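Quick one: the structure is below, questions incoming.
Order as written gives the chain letters A, B, C and D; numbering starts at 1 within each chain.
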Amino acid sequence: MSGIATAVDITLNSLVLGGVFLIVAVGLNIIYGLSRVMNLAHGSLYAIGAYTGYTIVSLGVNFFVALLLAPIIVGIIGLIIERIVIAPMRKRSMIYTLILTYGLMFFLDGLIKYVWGNEPRFVAIPAFMRETISIFGTHYPVFRLTTLVTTAAVMIGLMLFLNKTRIGMILKAASTIPEMVSCLGFNMNYIHIGAFILGCALAGVAGIVAGPLTTIDPLMGHEMLISSFVVIVIGGLGSLRGAVFAALLIGLVQTLAEFFITDLAMVIVYMMMAVILAFMPRGLFGEGKFE
Amino acid sequence: MKKLLVVTISMFSMFFAVLMVVAQPAAAVEPVKIGVLVPLTGIVAQGGLEMKYGIEMAAEEKGKVLGRPIELLVEDTQIKPPIAVTKAEKLVYKDGCIALIGVFSSGVGLAIAANIDKLNVPFLTTHVMTTEFYNLHPLVFRSGQLANDQTAVGNVKGILSQPELKNRTYYVIVHDYAWGHDGGERFIALAKQNGIKIYNESYDKAPTSTKDWSSYISKIKASGADGVYMVLITNVIPVFAKQAADFGLQAKGVKFVSGAAPGPVELEAGGEACYGIFSASDWSWDVNNPISDKWEKAFFAKYKTIPSDAAVHSYVGAMNLFNAIDKAGSTDPKAIAAALKGISFEGPYGTVRISAKDNCMRNDAVWTETVAAPENPFGAKVSMKVLKTFKAAELGPPE
Amino acid sequence: MSGSPSMPDSHTSLSPLKLIGLVVLFIALALLPFVWGNRFYISLITEIMIYGLLAMSLDVLLGYTGLLSFMHNAYLGIGAYVVGLFLIHVSPTSLWLACLVGVVFTGLVALPVGWIQVRTGGLAFALLTLAFGMMFYTIVWKWYGLTGGDDGLMGVPSPDIQLFGWSVGNTGNPAHMYLLTLFVVAIALILTRRIISSPFGAVLEAIRENEERAAFVGINVRRYKLFGWMLACVLAGTAGALYILCKGYIGPVTMSAFAGAGVLMMVLLGGLGTLWGPIVGAGIFIYIQDYISTMTEHWEIFLGIVVIFLVLFMPTGFVGLGNFFKRLRKD
Amino acid sequence: MATNRLCIEFEKTGLRSIIGPNGAGKTTFINIITGRIPASSGKVHFQGAEITNKPTHELVKLGICRTFQITSIFNNLTVFENVRIAKQANSGGSLRIFSTKKSLKKVACDTWVILERLGLKDLAGLPAKNMSYGDQRILEVAIALAGDPEILFLDEPTAGMSPAETKHISDLIKGLSKEISIVLVEHDMDMVMRISDKITVLHYGSIIAEGAPEEIRTNQLVREAYLGKDT
């Protein structure tokens, strides 16, 4: 197989991986940007998204319908979590919120194991997506290309929502100067709830999108959580451009590391994260700082 | 007031939990307690569950040891060595088990073996493949899955016996820990001796947590190798096969040889993507002999799941252990160890003898290919068809 | 000036009655293994004390300096690996030297890391500990030749050092290992309590309370945060040395992010800002992890509920409960 | 530009007030001097030596102390500890890790002196967060005083105080201004006029008037800055 084919393979693989990182990281970013809650259970919601997608598809629903249903269900779960557990933490210090969301992660992971058991699951993707098409001599699965399209669609949809719709603009404004928005008469409570639901729904979308790509097992949330931390740190808080750049960068580094089996590639990523946290608190493009 | 109410609830629940632990039921005749260490959570929970079933069947079939009932105490190792060591200590010191059996991964097996002097009980593993278990310790035995060296010999002989597999170039990919490295290195060494072409002698090492195999598969496609030798943990085999199918490897005619026997239940999840995987293993339910057929029916009747090699290894291992305790005539660890040396049991995959020289088992094995399952009582879609059988002596190691 | 009346101090200084109580408790704990011979409980309590020491060292950071570390167990791992490697490669008999090298090496690693860590605070500090922790985890996992990779350090000779005639080490009588651990943890507790109630400790608490005001009263915040970090990491290294002695094993799984957050849980369960609270918290956590997991493999749900319940209703943890009852009696 | 080409000289002692409408750059100005915000241009000299952009704790050691517009104290520590820690940081002994806090006898005595002077003696054992708002403002002044300041910046100390407390604090400030130099940023006009030795008026980041209280009261420019130009 010629060098070009391999290059195409690597780029497509890193784009797909980066796309999933992006959706999860943006969800995490929105929740933190708007309500200063760093949700450690975000990885578990991503896993719940994958499992819900699996269950819906196994009940015979078409995959694309499941693509819409799963985020809604995870969003509802997000609402329940926000009302019961996150809201009372509004006034508490950041450290306690972190520890609380960590307990929530334990709880959700345990729930996943209780409901769906331990064995890995596979999503039955529609027949036409199972073929491979050849691009520049390499057979690339059609499904992974549709994942790229879905990721792009989700990001464009999000961009339109944030910039064009009224609610979107309020959310965007609230992430920079929360006090000002509340002075304009918007109930900050709804904004916090809205942000949390939107963040969870994005985790759900990433889950169902990534489901067929990787294995769906209870531990899928853990690695994704750490990768999304790396992305929002390097990309910078509250910046979509930063998140896009960082997500694709990490996707590329991880794919290359696996391709060329450089053992310490991930160490370089963590080192980059450390340098940025310590010396460039705004990340590469971010506006806000991690207080 | 709210806080007070909440505090009393938490106090009550703690008290209740302690009560539940302390109130142990008193048994009439003192049973012989055997400690069972299997992974019930984590990625290999399915294999752990099947091991537990196999040991339970053996205990049921054996009934009594030294004239006393058998009591199995099961603990979850979560395939984490430090937790497995704590659980082993609990089984021996607190519950008073006189022997330990089970263990799925090499790391856990080696960690417990490192503490065996302190525990001072015989320790029989039924699903550990690392070659470090040969002659490791007088109290440590293996009566389960073929070791890495035996599997490598079986796979090389199997490849040589199939014309369509012999002259392929094999791409080697392993899980990144001691068992994977050992399995990969042994196959590469043996394959080179027998003229089987290997594409990457410095084999690929993938972290055990890998979920997305796309970059590894792209590398295999780029290499142009038409054979893949994979040393992956059982439940990851169908995942790898499925993603390889997504990328069209099977469609391009690439054949897969596995350094670990795939589990039937896991294969079901993979569907057709799992057809065409060759591997040397002890047993599959396609083996037809009176003992094997009887055992399969009894297993399926009791547990309603496809009989697997993890279950049958543990069943045979447990029978060997129980017979050894009877032979020793006491629960003294040294006596049981002496009895275990050289003991053998006529099980579903022939005689399984624990070699007196290195405390590890010798038994016949089969060379299988995964195919669409014929009509079968278990409702299995994928089956491991037996192509060739090996005699114990063929696989070695010499005694 | 009418002399200086006794300083109203938020810490209850050690009244004589309390001192006697502590000595009695120490003697009782020391006699425990001989009275209650069951070896499982002895090695379980030894493990609880080791994790208690680690949780206490995290409390120095979190409870006293207000710095949250996600992966403080990484420094336990470094200490354990260095002691293990020293025993394997350098000399399997000189255990004391191995422990010293282990603790000192952990300090040497913690210094540059700490120098970068203290440039941040709050969430950035926590994420930075995650970054460094994952770095150490990946290095230990990938450096297969030296550390044995995912299977952990194999072949650690457990020398039987003669501690007043007793053989300690993971193959020896666990009672001796228990006594060594009790001795080391007790000393660490006394020393740390002394440091925390010293002028240096007061500076740490000021930084916890209000970092900016601390700078504006003339405290070099970064330098003192670094000292607090070094104290916490050296204590964690000591716990690491004890860990490999007690378990005879160390692997990446003990240094993972998952286990790191477990230590955080112990501090919370025990109670922030009370040095011996985290040791109680370690007992509760290990009890939940070991006992509950034998009854049902869904112990994670139970643990999740306990944590959420604690943070929402009882942030001062179980030890804080004691103060809660005291307050109850007063009003 | 919060402050541009601003030049102010402070005497060794005496009470200088800085007034000006909201957003005139008063707080920004003292934030730059006290090192809370880095100065983008210009120099800051103190007793001859240049101290621009020095880290905060070094400035405090030199004697430049301040209080904040939003009260910034150690909430969970007792009132006594709040002042004691500031005293300890100033007079050394922080590195002693094995001796007890009581062993720093001089630090404890000085703390009692300051508490006595500010009338906080009987609140010594109370956690700072349980004090009234006014008392907390006074505690912050005590903390700043504990740093043996040569020059003390007070950012709206009387904001939110009762008239009685304002009277008490202004007398105290007046007394202090005899020994050290005090810079007061304040909106309470009659207090400023009553106790200031010299007043500087800031508007849009630059000085529009400087002088004794009487001159400032009758100054046309100042009236316009506050009341806006009458067309």
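Here is the rule we use: contacts are C-beta pairs under 8 Å (C-beta built on N, C-alpha and C of every residue); 3 or more make two chains touch, one makes a residue touch a chain.
All values reported here derive from a predicted model rather than from experimental measurement.
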Two candidates, A-B and A-C; the one with more touching C-beta pairs is A-C
Most remote chain relative to subunit A, going by C-alpha centroids?
D
Need the CA-centroid distance for the pair subunit A / subunit B, whole Å please.
36
CA centroids of subunit B and subunit D: separation to the nearest Å works out as 74
When the centre of a chain is set as the mean of its C-alpha atoms, what distance in Å lies between subunit A and subunit C?
34
As a quick test, compute the distance in whole Å between the mean CA positions of subunit C and subunit D.
42
Residue ranges of subunit B touching at least 2 other chains are 41
Multi-chain touching residues of subunit D, meaning two or more other chains, are none
Of all the residues in subunit A, which ones touch at least 2 other chains?
113, 263
By the document's touch rule, what are all the touching chain pairs in this structure?
A-B, A-C, B-C, C-D
Of all residues in subunit C, which touch subunit B in the complex?
38-41, 43-44, 47, 141-142, 144, 148-152, 154-156, 170-171, 174, 247-249, 251, 253-254, 290-295, 297, 309, 313-314, 321, 324, 328
Along subunit B, where are the residues that touch subunit C in the complex?
2-4, 6-7, 10, 17, 20-21, 40-41, 75-76, 78, 80-82, 85-87, 89-90, 92-94, 106-107, 110-111, 114-115, 117-118, 176-178, 181, 207-208
Listed in rising order, subunit A residues that touch subunit C in their complex are 38, 85, 88-89, 92, 94-96, 98-100, 102-111, 113-114, 222, 226, 229-230, 233, 263-264, 266-267, 270-271, 273-274, 277-279, 281, 289-291
Residue positions on subunit C within touch of subunit A in the complex are 62, 66, 68, 116-117, 119-124, 126-128, 130-132, 134-135, 138-139, 142, 257-258, 261, 264-265, 268, 297-308, 310-312, 315
Residue ranges of subunit D touching subunit C (in the complex, touch as defined)
34, 55-57, 60-61, 65-66, 68, 72-78, 80-81, 84-86, 88-90, 93-102, 104-105, 108-109, 112-113, 116, 124-125, 127, 143, 146-147
